[in-house]
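Here you go, one structure.
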Amino acid sequence: MKNTAVLLLSCPDQKGLVAAIANFLLTYNANILHADQHQDAELKLFLMRVEWDLHNFTLPLEDFAAAFAPIASRHQMTWRLAESAKKPRMAIFVSRFDHCLADLLYRYQSGELHCEIPIILSNHEDTRWLADTYRVPFQYIAVSKDAKDEAEKMQMAILHREQVDFIVLARYMQVLSPRFLHHYENRIINIHHSFLPAFHGAKPYHRAFERGVKLIGATSHYVTEVLDDGPIIEQDVSRISHRDALDDLIHKGADLEKIVLSRAVKWHIDNRVLVYANKTVVFD
Amino acid sequence: MKNTAVLLLSCPDQKGLVAAIANFLLTYNANILHADQHQDAELKLFLMRVEWDLHNFTLPLEDFAAAFAPIASRHQMTWRLAESAKKPRMAIFVSRFDHCLADLLYRYQSGELHCEIPIILSNHEDTRWLADTYRVPFQYIAVSKDAKDEAEKMQMAILHREQVDFIVLARYMQVLSPRFLHHYENRIINIHHSFLPAFHGAKPYHRAFERGVKLIGATSHYVTEVLDDGPIIEQDVSRISHRDALDDLIHKGADLEKIVLSRAVKWHIDNRVLVYANKTVVFD
Amino acid sequence: MKNTAVLLLSCPDQKGLVAAIANFLLTYNANILHADQHQDAELKLFLMRVEWDLHNFTLPLEDFAAAFAPIASRHQMTWRLAESAKKPRMAIFVSRFDHCLADLLYRYQSGELHCEIPIILSNHEDTRWLADTYRVPFQYIAVSKDAKDEAEKMQMAILHREQVDFIVLARYMQVLSPRFLHHYENRIINIHHSFLPAFHGAKPYHRAFERGVKLIGATSHYVTEVLDDGPIIEQDVSRISHRDALDDLIHKGADLEKIVLSRAVKWHIDNRVLVYANKTVVFD
Amino acid sequence: MKNTAVLLLSCPDQKGLVAAIANFLLTYNANILHADQHQDAELKLFLMRVEWDLHNFTLPLEDFAAAFAPIASRHQMTWRLAESAKKPRMAIFVSRFDHCLADLLYRYQSGELHCEIPIILSNHEDTRWLADTYRVPFQYIAVSKDAKDEAEKMQMAILHREQVDFIVLARYMQVLSPRFLHHYENRIINIHHSFLPAFHGAKPYHRAFERGVKLIGATSHYVTEVLDDGPIIEQDVSRISHRDALDDLIHKGADLEKIVLSRAVKWHIDNRVLVYANKTVVFD
């Protein structure tokens, strides 16, 4: 079992940042395993992910914030610390299509996704059997047109009770309120079944079929208030031809959705994703 | 050298079409090399491409239309006959970016593109050296804002004089008039530097960069009056990351554009593309 | 539900084959839905797949062989008829790795794989839970070094009892005897975790890692007596980099294996695969 | 025009390396633009690429070695410094196939490849026209079976006279001697027309066709004494089907070869490639 810490940070670009962070960590005897950085030349922004072994690291993590504060403040850093040993708590929202849910649960069970799943929330009963199979709690909450607010309150109460860190919308077909989105900013991952920004909105496969595209796509992104416009985490495509009927698009697309979503979730869990300017940096 | 004929046809779907065509060809001792068909279930349309060896084919091609007329009429066929031995005449329009032009000329010279290139037309002098290298006639025609009509008349006169069969817009940055488009319907191939319908219109790489997509694309399509909305012939994509600046997108995209455009041109030349319902069937 | 018949055939290439088959089918009022053919120019071989609607088809399928015999005999055809309504019976062999099994079972349950699964056979107990989840019979048969023969006899008895049509080796780590292979010729589909012929044999990911390749692959093929040398049905690859440790290769490879194997299985079920000269034609 | 320096280094992994290098550069007021590192966990090796702006860098590059020596020595570093302003001198070896040569020359001329090309060497006259077009010196040197040694001496004399930094074998069909290879260790880039290690050696497309693979590949690698076994820089693949004859494989493969080779050359020029353990790290 890995026992590492990950520091993700961004700040205005300037000289000496790499040295400042490397020296700080060295002071406490850190063995750096990965250090990756990125500069956005236009925005003059510096972004970094550094991961180090906690073995022999002499600074207790509960004291990290205090010790790092002077550096962070001097360089106007926004930063976040994560421990690999602490599994984040992921909630899954799902409606009727179950392929993404089945895929996530299998990866969770096989140890590929290093997280806890305290709860699956759904506005349908259809996928309860999958939750049962993998012994994950499942909660049905009806979302009716007239009582959306109420449903969301129930959802939020459960998320709060379960101390959920982030949410995956595994083909969840309901729109979430701005209040909800704001509360989980950059912590709600959606899978959209098109190569965004193409075919944003409803029925992308139908529209892809009608338009006669030669590739179909899937996009995983953080959800923002503007529909299908949040920071893109991952995308991929699959070749189709005139021989593929609409149903074939939907089947081939399902495989894409599973892979694209699972990659995004894995990277989020591994603290590889940094959001800025409505884009993501995915440190590999 | 291949000596074959290709028949491309579409008609309302019904029983007996394959037999009717196969029997017709067999009457004249045709040796069918490829026979490929497609049904559009929704539109109840039958589309077919059949290619046969002309060696020992007993029907002179100049008599084909008359002989085939009864079958075509009975089944309400739209059809077109092409001879592999007759190289189609391709004009290339280009502005300043020369990568697609250079690529097409190299493929033409190496024998990969089985066509003639009687003329390259440009609104800039920049690419004349390439035309000279490959010994292809080059004509500069200024396209000013106030004299677009006049420029187009000159272009059309040249195309007519050179008996051009189809036109490739190899990053040609001017919009063509409806009259021009109508005259060369389904015979003008454009390369658009995005994965359409994403980023149709101007500056797709800039917008792809700004949107933070993880793949860039290129699309080759027949030009229609609606901008970037014509039948798509081919598309492909290339992976990018946050490390790629706008310039990298443009460079990586250039490689995509060359390949996607050259495939579309090759398929068009080989009579593999059938257009219907603003889509293409590409018989492989 | 589709109610169609599929005819797969191969024979020496000659004139009139398309017409002969189309006319035969038309005699019995067949509505051809797909007709796809291929010529191997070197071997002078004609291969064809034709699918037609059984609605209004006037020849009972039990009489097909007798009616088709004269044509088949005249043209020295090898042929096979399949009915889409009759689900083939697929056995799955598995050892410890369960990702391919889990994937196949999910696709089976979701209706994507149009088959029956009467039995899962394994030399380990590890995957029984998956069989139970999807309510598919599971049989553990120990395969010890000294009693391989005996184990195989038990396997064959079960396959016979369950009237199994074809077998999928979903990461089954035992070698099958020539007798076994011969009995299920072109009916045993294996997934090999490399881009064959690279890294045939044992531990392909280890060797790919050591060799420093930039892409990893997976190959689905029919099993023959020569290890990893049977007719390839499908292959695909995934990009890796120096950042990927051996474990990452194994994880990324698992996704490839699932997709490549499931495509091959689906095409086999849909009667799209024709084997000749140790290759496959996959009619799409 | 970029004015940067790149430091590429490898050494036994240990604590404090990032800090040591960052501090060293900061001492001289370096503005780090990119810093990328990699650890090989098995070999306990640390590899790094760091690029900084030379504007305001207070250490003259001619004094770099002396100033850096203490750090390098303390950590047993192997290192290399490159200046982006100094274009490396690339020789191209070619035989008859000219697609890779044409591609490299176009990219050179368009400014995509930041290098000089003082000489093209060939054992055939066929590609002289391309050299003339792009105004690059071309030297024909016959390579006969009996006088290989002599030919190589002439080649080496020219390479020496032209102060060539590295060599690209753009489909050069002659084997180079160990002495030659040793002299340009990790400085000779070859393109092999298969997905290595599959189909190493002669006629890979023929063998791929015969084996019935579903993807063809191309591999760019540094040349070592063991045929087609050197460190792989880049690989890619392209989908084929049973419809593709051998000639189609060769055509589709040519496009792959061009792209894979040009990427490898570009990365080599940009000092992104580090070789160790017969593998490459390509810092992106």
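Going in written order, the chains are labelled A, B, C and D, and every chain counts its residues from 1.
By definition in this document, contacts are C-beta pairs under 8 Å (C-beta built on N, C-alpha and C of every residue); 3 or more make two chains touch, one makes a residue touch a chain.
Here the structure is a predicted model, which is why all the values come from computation and not from measurement.
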More contacting C-beta pairs: C-D or B-D? The answer is C-D
Farthest CA centroid from chain B: chain A
Comparing contact pairs by residue number, the option in A-C, A-B or A-D matching B-C for over half of them is A-D
In whole angstrom, the CA-centroid distance of chain C from chain D equals 41
For the pair chain B and chain D, the C-alpha centroid-to-centroid distance in angstrom is 36
Listed in rising order, chain D residues that touch 2 or more other chains are 241, 243, 284
In their shared complex, chain D is touched by residues of chain B numbered 98-99, 102, 106, 110, 112, 133, 241, 243, 251, 255, 259, 284
Chain C residues touching chain D in their complex are 38, 41, 195-199, 211-215, 217, 231-237, 241-243, 245, 277-282, 284
As the complex stands, chain B meets chain C at residues 15-19, 22-23, 25-26, 29-37, 39, 239
